[in-house]
Structures are given as structure tokens and as C-alpha cells.
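Both complexes below contain chain A, partnered by chain B and then by chain C.
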Partner chain A sequence: MKRSMLLVGLTLLSLAQAQKTVSLVHSGAITGPTSDVGGPYAAAIEDYCKYANEQKLIPGYTLNCIVRDDQYQNPNAQRFLEEALDRAKPAVYLGYATGAMLALKSLIQEVKLVAIPASAHIGLIDPPDNTYVFLPTSSYSEQVVALLEHIAREKKGAKVALVVHPSAFGRAPIEDARKAAAQLGLSIVDVQENGGSLDNTALLRNLEQKGAEYIVHQNVAGPVANILKDAKRLGLDKKIKQLGAIYTGGNDLIRLAGDAAEGYLWASSYYTLEEDTPGMRLHRELAAKNNRGVLGQSHNYTAGLLAAAIAVEAMKRAAQRFGRIDNATFYDALVGMNGPNAFNPGFVVKTANSPEIDFTKSEQTGGEGLRVLEVKGGKFVPITQPFTSTLFRKVHYGK
Partner chain B sequence: MRNPWAQTGNYRTSYEQDTTIFATYREIASVVALLVALLVLPQLLERSQVLTLNFILIYAIAVLGLNITTGYAGLISVGQAAFMGVGAYTVALTAPYLPFYLTIPLGAAVAAAFGAIVGIPSLRVKHLYLALATLAFQEIFVWTVGRMPALAQGASIPVEMRNFLGYEIGFRNHNHFWYYVILFTLVLMVIAWRNLLRGKYGRALVAVRDNDRAADAMGMDPGRTKLMAFALGALYAGVAGGLLAYFQRSVVIEEFTLAKSVGFLAMAIVGGLGTVVGSLLGPAFIEYLQLSMERFSEWIKGSQAIQQIIPPGVDVASALLPLSFGLVIVLFLMFEPRGLYNWWRLVRSYFRTWPFKY
Partner chain C sequence: MSDFFQFLISGIAVGSIYALAALGFVLIYKSSRVINFAHGQLIAIGAFIAYALAAWLKLPIALALLAAVLATGLLGFVVERVFLKRLVGQPIISVIMVTIGLASVLDGLMYLTPFGSGNFSYPAFLPQEPLRLAGITVSYPQLLAVGFTALFLLLFGWFFQRSTLGISMRAVADDQMASMSVGVSVEKVFALAWAVAGVTAASAGMVVGTVSGLNQDSLIAIGLAVFPAVILGGLDSIPGAVVGGITIGVLQNLAAGYLNRFVPGGGTELVIPFVVLLVVLWFRPHGLFGTEEIERV
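Presenting the complex of A and B:
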């Protein structure tokens, strides 16, 4: 009896030792500037990691999730990544801010570590040093071009103004937007930067004077909410239609802008919280289980879940295909995520021609489909079928 | 009898003795010991800790410059990060064509030229009005970079250096290599600082700071002195910016914003305005504060007990860093306006006369 117990004990011990650890590191703005995005994003990554370990999603491995708060400071992001490289040897880096990611690109290239950032700046997947950076969904540039296509369908020759965040994040789509507008027969009447003015009367009157019929925002929700409220106060909400890319919208915008958000159009790849897909069911379940409250209501929580889900799926495939998870096998598993092996977790829309998430060595954007949603009765409601911008690749890559 | 190792009985009886940097052999020995310790230090630290050390040393060079403009000449500047940016962007544009030992001095020279231009208002305005002029430059710099396609509109410009005289520089030795380059530069800049300010020019700065009309009456040129103070302060910032560009492997505008300029002022105040030691202690203290608050903030977020006390919707962790940062500056201004340098001075005085009390 004693001997058999000893044997069982030894077997359990050897099994426990056989369980290896693989690390994922995320550095984002949990506090400080843009923490309204970074907070739910990081919470989702933590929750998905717990879920992955509970469900044993990576056979033979325990997932070690390192989530750090860089407070939107580039030196902090650099320090956290280097600390992780020294101490944990992560298989993947889930980055965050545009500035930090752009600054870290050459380091990422040198250490051959796959990075999946929250930022969708097209420069991250453009050369040089772009081999290991992958965007979970379409870039800001593609989103803005898609919105311009939507405007062109709605009104030929419309006059459009761009209002962007005063940063690399905000300026990312301007060049492609100008080229796309020229091809679509739209005229860009003005490009303004706005980082959160409390009174936008001058901005709006100026755009009105220039005859702007549409304002396309590339910003975060706060500044857009202020502009929407001011437009309503000035009676311009019926005269100028406002639209925006991914970080301008969501429940945060509705909470901040109130009824001034009615009619706002938003380009998003993500399903809404109310939709019944496997991914959104998991979103609701994890947010409730971890008592995430307001954080769990945000589409940024969905975005965090998607980034973590892609990472975990690639780890799982690397373990199954190569018997080990390291930088190289993770990369191979990720770029093999296409065709019949595409990943369909149910967080983002897919089009008739493309699966939900697919990557190749040259196609570094995961979810290429997006929809335009409109605020109706205090909720974002899809008003288009999922589509992919037809013009973006032409204006950006010339093909 | 004069003891060359001790301060006691060591009287300065000539002008040359009065302007010496080191009064005793013990002071020379302590500086040599410090340099040896700094040379050995990175070998005892993790790579990522060397990274933090590099930031401290780079910021120390920028703060040294600010201590010429603000500390010595009394001209408040809130544009130090922008001058640093001028140096960094000059390096980013010239790095593909020139080696780093030419690009960094070039960046410093361009920054100095900008400093002299920005200093022009100091000929007519003083105090807060002058601070506003430098603030305007800071904002104009960020605005201009954001609109210049040649500077990637503030997005990243890669600055790569993979090889130095046959020595391969990569991820594993990048931080260490740049540590020694930065340390060497810092030592040079400190020597230049001391030599500059202990001579005629340093006294002119102090005279103009204390009363520019009196300085004028004594034959000094207050206008030229002020412009030189701005140019020199910016030159130091330019060197720091150039080093930062190489060390971070890229230049992005986020590193040169108003918040950074305010941070440099805080480092100078906390360290002790107008002192070399303060220029080193200030950045070290602020970086350490940042690291401590980061750990404290993570602890608060992870502690269930604390989270239950905090009302819902109140993000204490977010507020901690700016709160502690502001509090430290206010406390230093109230209780120790001479900064950490004064504590250093008291400790040094104690040991200098040891075993005697006075």
C-alpha cells in the first residue's frame, strides 16, 4: 500500500514537472493617459490568461501572464519589455501605445519576438523592422479609408474634415485619407488636431464655414464626446455628420456624450456586447466572473480578449505542431493561421471573402472586416454588412 | 603644516588655490573611487536595470544644462525637452551618414543655436514672462515636428548603430555599451561645466542673475551673457537628446513634450539648483520615486483590502504618481529649497572635518 502511494506520488510529481511554463507579457496604460482604453484592455488580458489556465487551453503548458502598467510612458514600456526578455523569455509581447511600439520596433525585430499591439498604426506593419509585428484588426488608416468609402456611397462629392489626435496615433491615417478622398471624389476641406478642448465652438464654426458636411475623427472617445456635445449646442448636429475610427466609439462615447452621440457613425471590427457569438458570450462570462463592472462593458475589453486569444491560440498550435513554444515556433504557428487553419474566436466580424482572423508572413493584419455602426437610442447598431476597404490597399501599397 | 589629504588647516591663500576644483587629495581619491564604482556598477546589475541607469545619466546631462540656464543664470526655462528634441532629431537625420561621435556634437551645436534664438526674448523680458517665451518654444517645437513629414510627423525615426570600430552592438550589450558612452560624455560635460562656471564666465552669470544693471555697470554684457546661458543650456540638452536617440534606437516626439520639460525642472529643484551633485541626485531621485510609486501602485491594485476602502470609480493608482511628484516638489520648496545637494553638503562637511566637529 505504502509503495503504491509512493508510486502515485512520484507519478504526480513527474506530471507536475512535465507541466512547463510559457510567458506572455503585456505593457499598457492601465493608469495615466488613455487608461480608459488601457484599463479594460489589460483587465481582459488578465482574465483571458486565467481562463486559458483553467481550461488548459495550451496542452502541457501553464501560461504565465505578466501584465505591467507603463502609464503611457515609452521608457517604462521599454523597461518592462527588456525586464521580461531577461527574466521570463516571453513567447509574445502584447504591446499598447503607438509611440512606444514604434520606438520598440527595431528591438522587437532584433530579438525576433512576435508583438501584437493595441495600436493599429499602419507604420507598425510597414517596413523596416516589421517582420514580427501583427495587428489583430484593421489599421487606423484602413478604418478611416473605409469611412470615406461609406461617405462616398452616401453622398457623392461630399466635403469632409478630419479631426485627429495631436500625436502619431492621430496623424496615422491622414496621408492615406487624402489619397483615398481624391480617388473617391471627396474633398478634404480641413485637417485639425484636437487633444481634448473643452470648448470646440471655434473649431466647429470654422469647419461649418468651410462647408464641411462630414467630420471624420481619429481620436479617443473624450475629445470626440466634447465635439459632439458642442455640435449639438450650436445646432450643427443635423448639418454636419460625424464619424470615427475604433477608439472614438463604443460605450465610453455614449456615456460621455449622452444624447449628443445619437447618429454618430463608428467603424469597428468588433461585435457589440449584445450580439450572440461565442466570443461575445465569453466576453460577458469573463467580465461577470471577474467583477469587471464598467471595464467589462467596453469594446476595449473585447479587444484585449482578442489579442490574448490570438496569442494563446498560437501558443497552443506551436505546442501541438512543434512540441515546444518559443519565439520561432510561435511565429511559425501565427503565420500559419490562415486558410482552413484560420482562427475564428467570435470577437470580430468576418466578411464573405475573409475569415475572422488570419495571418501570413506578408499579411500582418488579422481581422480585415469591419462594419459601420450608428448610435440609435443610446446604442451602437450596425448599419452595414461586414466589409473590407476596397481602396485602402490601392492607396497605401499602390496595389 | 599643510596636510594635502585633509581640509583642516588647508587655507586657500592665492587666486589659483581658490579656483581649484579639488582642494585635497582626499577629494581626488573620492572622485576616482566614484568613477571606478560607476565603471563597475553595470557589471553588477541586470540589463534592464542598466537601462534605468542610462536614463538617469542622460537626464543628468539635460539637467546640468538647465542648471546653467536656470540654476546659475536665473533664467527660467520650460523648454529643455524641446532643446533635447532638437539634438535628437538632428542626430536622427544625420545618423545614416555620419558616425555617432560627429552626430551628437552636431546635434548639440544645432540645439545651442536654437537656444540662442529662443534666448532673445530674455534681452527684454524676465521671470514668468521669459518662462512663457520658453513655453511657447516648447509648444511650437512639438507642433512643428507633428506637421513635418521629414520628421515622420512625430512618429518614430529609427536611429541604428550596430557596429562601433568592429565591435558588434546588439540586444545583449546595447545597454552596457551606451552606459559607458553616456558615462564618458557625462564626465566630460561635468568637467566642462565646472571649468566654465568657476571662471570669469561663471561669475558673470551669477552677477547678471543677481542684478543685471549692476553687472552692466561693471563692464559685463548682460545680453550676451544671457544668450550664452541659453545656448549652453540648450547645448547640454542637445547632447542628452542625441544620446537618447541612439540609446532608444529611435526618436519619437513623446520624449520631448512639455511634461518632460517640467520633469527636468523638478529634477533640478529636487537635486539642488546650480550644482553638479544636484544634477545627478535629482534625476536619480525622481526616477527612483517613479519606480517606487509604480510598485506601490501595483500593490494597491492587487490588494483586495485596499480596493474595498476606495470608493468605486476612484482610480487611486492613476493619481499616485502625479500626486507624489507634485508633493515632493512642494515639500522640497518649503522645507529644503537647496535640494538634495544640501544634504550631500552636510554629510560631506561632517566627514571633511572629521574627527573634529568644526
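Presenting the complex of A and C:
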């Protein structure tokens, strides 16, 4: 009897050793403010986790995905992260909001946990406490500077207004945008905050009086759609051209603004849903398989897939290279993701000179390429080749 | 000067949306002295029902809107019957806490539907080109907001002044015990108030959806945005809700138009209405048209 029990025990132990578990934690706004971004983002993380386990992407490991809804509340995000650190010892934290990530930077540094946030606030990868934070794609600041470069190419000395979300997320690129505008010979005539208003007549009239020829948005799709509709109503759509960073655009904007979105310019690193790349094929497959409906049509679903794919790839490499996955090996695997070891999942564009996703200890932005897309006939279509903003590095890092 | 009139007209249009949303809120308070914290959720549910009927079941938009109004009215009625009926005669704070819980439950249920985290738009049913007159432009959704508000104001005016049921509701609001003693069914009055509040909430939700698209959080936020309007107008006054709503809308637009240009980042439209509200409450603590309650000892 004793012998058989010992045998059973040993079998269970060997099974447990053969298939270990590694945890990934995501906390984001599945409900509450900005859940139109956070919902598809979290859905994509869940779907990719399922896919990773089905395909056994991490040899010898089962991926345990902990997805929590922080409702865009910083205290919730902090609580979930602390709880996960205590109970699940995650190898990576897929964060979300700018505010929560800025608040958690010192904790992330202290516990040496790699964090890959949905927020692309440049302050997250700037010192201090920036060692373990990595942005999947270019920062908001780089996106806005790239849009200013596009404006400068289109019209020298143009007058530009910035309309931003009233939060750390919205204000993130203002300083770099001012410096870039000065270098490009553009003038920033006004910076206004707008968190969503039923009527934007006053905002638009004021910007018109200040001579704004372009409005650059750093916001989410809802407020931008309202401004576009009001601009059309006031006949300002021909007079003032509007552009925006990553979270302003996508299918959500077209759905909300309708015809008023025509001509809107959008800086995005992601391929569109119609493009034929391995990543976008996977996007379509997972969204259909998991019945994601409207969530699966969002570029924020692509963004969630990318974040999860980077995490899973680093786990896989850590397991293969070091034989174990923990905070330290995950970090080493991630910062080794460059040169011939760069990661090319097919979710974001790459430039002629850089791979799709690469990280080093000092280069904490994954996908550095982006394109400007324009709404034509109810769809975003690229109007530039993928490029990186050289001016952004000059104004932000002084090099 | 044309800017001033444009800001004024746009402010009236936005204010009409606030007023429309505030009507249901005031109606429940007027009949039962309950502040309904789930009003934003009723607004969102009404708007999404209309969308589901129009976009998924392909009903003609007018029919979808009408059906959504009736369905949300029915929901208001059911909510009262199921959750609030048992609380008749209980302290008002208990009922208010139930409405806070109800808001949370309805929120959670909506997130379980496909509408939870998405952005949607009604199929276009109004002319896209705005009306232009003497340099002032007004969109058709804005006109719809003004029209709905005016219609409900007239209907409620007649209802509370002329109909037996409306007079019963006023009586219940004034004194539940006295009303019961003369044969008024307080339960029926409460249920009716919630049903009618559901109808106005759905109308407000559909107007907001037409103006700025459908997003659960934005729709629910309208339910909270009406607080300054109803407090300014007086919590138990239907005309007060309309005047309060329009005043807040106009103040917001004028502040955004004339003050934001001097303030870095803008945002005065979020502050000025509250400053005016404080000043008004200083002189009229019960709001512009609210009932002044005098307690004799």
C-alpha cells in the first residue's frame, strides 16, 4: 500500500515538473472610462493566452493568464498587481493606463518585474525607475511629432492647435510637440483640453479665430468624433485639417463620426484589419473563433494581441535559453530580442532599417515604425511608407 | 456678435439634452422624494435598445425608437415593482442606497452584452446637412433634442395640472400618508413615476446617441451631468429642470467661447456652471423653481 502511494506521489510530482505554470497578469479598463479601448485590449490578451496554450507556444509550461478589470482606477490597478505578486509570482505585467503605470513605476522597479503597458506615455520609459518598462510601439510623443513632421511637409509655417484629453495620457506629448514645432517652423497657436463634449462649437470657433489650420488630437475616439462632426456642421472641415495619435483613430472613429471622419489623418504603428500579414491573419482568426464581434474589429484588439505575443515570445525564449521562466530570465530574454533575434509577429509595420519588434536594455520601444493613414471612402488607408521620427529623438533625448 | 448667437443656440441645444435627461430624474423625486442614482443607466439602456432594434432587427428607426421608449418605460416599471415596492414607507436613504446598488447591477449587466465596451452609431435617419440661418448652424440631432424637450415639457405640464393621475402624483409627493388616507394608491403612483422616468430617460439616451454616438460610459455620464441642472432648477420642479438644463448648457458654451481663450488648456465650461449654481443656491437654497419647504415646530 505504502509503495503504491509513493508511486502515485512520484508520478504526480513528475507530471507537475513536466508541465509547469507561468503567470502573466493584466489589469486594465474592461469596464468604466476608456473601456472602448480596454475591452478589446483585454479580450485580445485572453484570446492570445488561450491560443498560446492550445499551440503549446511555451515548451514545458502552461500559461496562466490573470486578467483583471481595474475600471481605470489607479488604486484598483495597484491592488491587483500587489495581489498577483503575492499569489501568482507573474513573469510579466501587462499594464494599461498612463496614470496607474506612472504610479506603479517605483513598485515595478523594486520587484524587478517587466511591465509592458497599453499606455505609450514616454515618461514610462524615461528615468527614474524605468529599467523594467517596455513600450510595444512608438510613444504618444513620437506619434505626435511624426504628425507635425507630416504637417510641415504639407505646409511650411502652418498654424497648429493641440486638443488633448484632460489627463496625464492627454498631456504626455505637449512638451515634445512644442519643441518639435519650433524646430519645424510650425506655430502652436493653442493647446486645449477636451474630455468629450456634446457640443464643440466654442472650441472650434476659438481655434478658427486663432488661425489654426491643423488640429492634432491626443485623445480617445469619442471626443475626436464629436469634434469632427461639429467641424463639418460649422463648415470648418475644409478649413481645418484634423490629425491624431493612436487612440484617436481606427474603426471606432469611423463608426462614430461617419462621413465627418473623411480626410482624418491618423498615426499608427499597426497594420489595418484588411492587410494580409501573419499577425493580422491571426487577429481575424482569433476574433472570429472567440466571437469577439465589434471588439475584434478594433486596432486595440491588435494592440492587446501584440502585447501578449511579446510576453509569450519572451517566456518561450527564457524557457529555451535558461531552462526556467522568472522575472530575471524574462527580462534577459526580452532585452535580447534584437538583431537577428528580433521578433516579427506581423502586427506592426517595420521600416527599411528596423525590424518589427526589438528591445535592448537602453532601447525600450519595441516597434519604432509608424505610418500616417487617412480616412478615404470610410476606411483608413496608409498614405506614407513606414517611418520613424528622427526629430522626436532630437527633441526628446537631445540626440 | 454672430459668435454669441451661435454659442447661445448651441448652448440651448445642449441644455435641452440635459433638460430631457433631468425630467425623469425630477419626476421620480417629485413623486417619491427619491434621488435615482440609476438614471444614467436607464438612459444608456434606452439608447442601446433602440440601437439593437434598428441595427440588428432592422426595424424602421421610428419604430425602433418608439419600441425602445416603451421598453425602457416598462423596465422602469419593473424595477419599481421588484426592487422598490417593498421600501414604501422606509427611510428615503434606504431607497437611495437601493438605486446606487441598482446602478451597479445594471452597469454590470450592460457590460455582459455586446454594447459594454464598444462605440456604436444609429443608422443615419436625419439629414446630414445642418440648418443654416444668418450665419448660425444647427444640426438636426440638436433640433431633435429641443423638440423632444419641448414635447415632454408640454405633456408633463398638462399631466400634472389636469390629469387625475398627475394630481395624485403631486399629492403623494406632498404627503404620502395624507394621500393614502384619501384613497390614492401610493404604490401605483411610484410605479407610474418610474415608468415615465424610463420613457424620458430612453428619449434622452436616443438624442445623445444621435448627437455623439453610443458609448455606455458617455451615456451614463449624462445621468450624472444633470445634477447641477436639477439642483439649479429645483429638485421637484419640471419647468425648473428645463430652465436649469438650458441655463447650464448656455453657460457652458458661453464660458467655453469667451473664457477658454484666456485660460491655458481651457476647461472653464466645467467650472463656471458650478460657480453660478453656488451663487443661486446662496440666495435660493431650494433652487430657482423648487418648493420652499417650511417646517413649523
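Heads up, the rule we're going with is that the second predicted complex is superposed on the first by the 382 of 399 C-alpha atoms of A that agree within 3 Å, B and C clash if a C-alpha of one lies under 4 Å from a C-alpha of the other, contacts with A are read in each partner's own complex, and residues count from 1 in each chain.
We adopt the following convention: a contact is a pair of C-beta atoms (placed from the backbone, for glycine too) under 8 Å apart; a residue touches a chain by one contact, two chains touch by 3 or more.
The shown structure was predicted, so the numbers you read here are calculated from the model rather than taken from an experiment.
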Chain A as common anchor, with chain B and chain C clashing or fitting: clash
Which superposed partner A:Ser35 touches (first chain B, second chain C, both, neither): both
Which superposed partner A:Gly123 touches (first chain B, second chain C, both, neither): first
Which superposed partner A:Leu234 touches (first chain B, second chain C, both, neither): second
Partner chain(s) touched by A:Ala342 [first = chain B, second = chain C, both, neither]: neither
Contacts of A:Glu193 with chain B and chain C, given as first, second, both or neither: both
Partner chain(s) touched by A:Ala88 [first = chain B, second = chain C, both, neither]: neither
Touching partner for A:Leu57 - first (chain B), second (chain C), both, neither: neither
Which of chain B and chain C A:Thr98 touches, first, second, both or neither: first
Touched partner set for A:Ala328, first chain B, second chain C, both or neither: neither
Segment of chain B intruding into chain C (one of 42-50, 204-212 or 330-338): 330-338
Doubly contacted residues of chain A, that is, touched by chain B and again by chain C: 30-32, 35, 166, 193, 293-294
Complex contacts: residues of chain C adjacent to chain A: 3, 6-7, 10-11, 13-14, 17, 107-108, 111, 114, 116-121, 124, 128, 130, 137, 139, 142, 208, 211-213, 215-218, 249, 253-254, 256-257, 260-261, 264-267, 269
Complex interface listing, chain A residues touching chain B: 30-32, 35, 69, 71, 74-76, 78-79, 82-83, 85-86, 98-100, 102-103, 105-107, 110-111, 121, 123, 128-129, 166-168, 171-172, 193, 293-294
Complex contact set, residues of chain B against chain A: 46-48, 51-52, 55, 146, 152-156, 158, 160, 170-171, 175, 248-250, 252-255, 294, 297-298, 301, 312-313, 315, 317-318, 320-321
Interface residues, chain A side, partner chain C - complex: 30-33, 35-36, 38-40, 166, 190-194, 196-199, 201-203, 205-206, 209-210, 221-222, 225-226, 229, 233-235, 252, 255-256, 258-259, 293-295
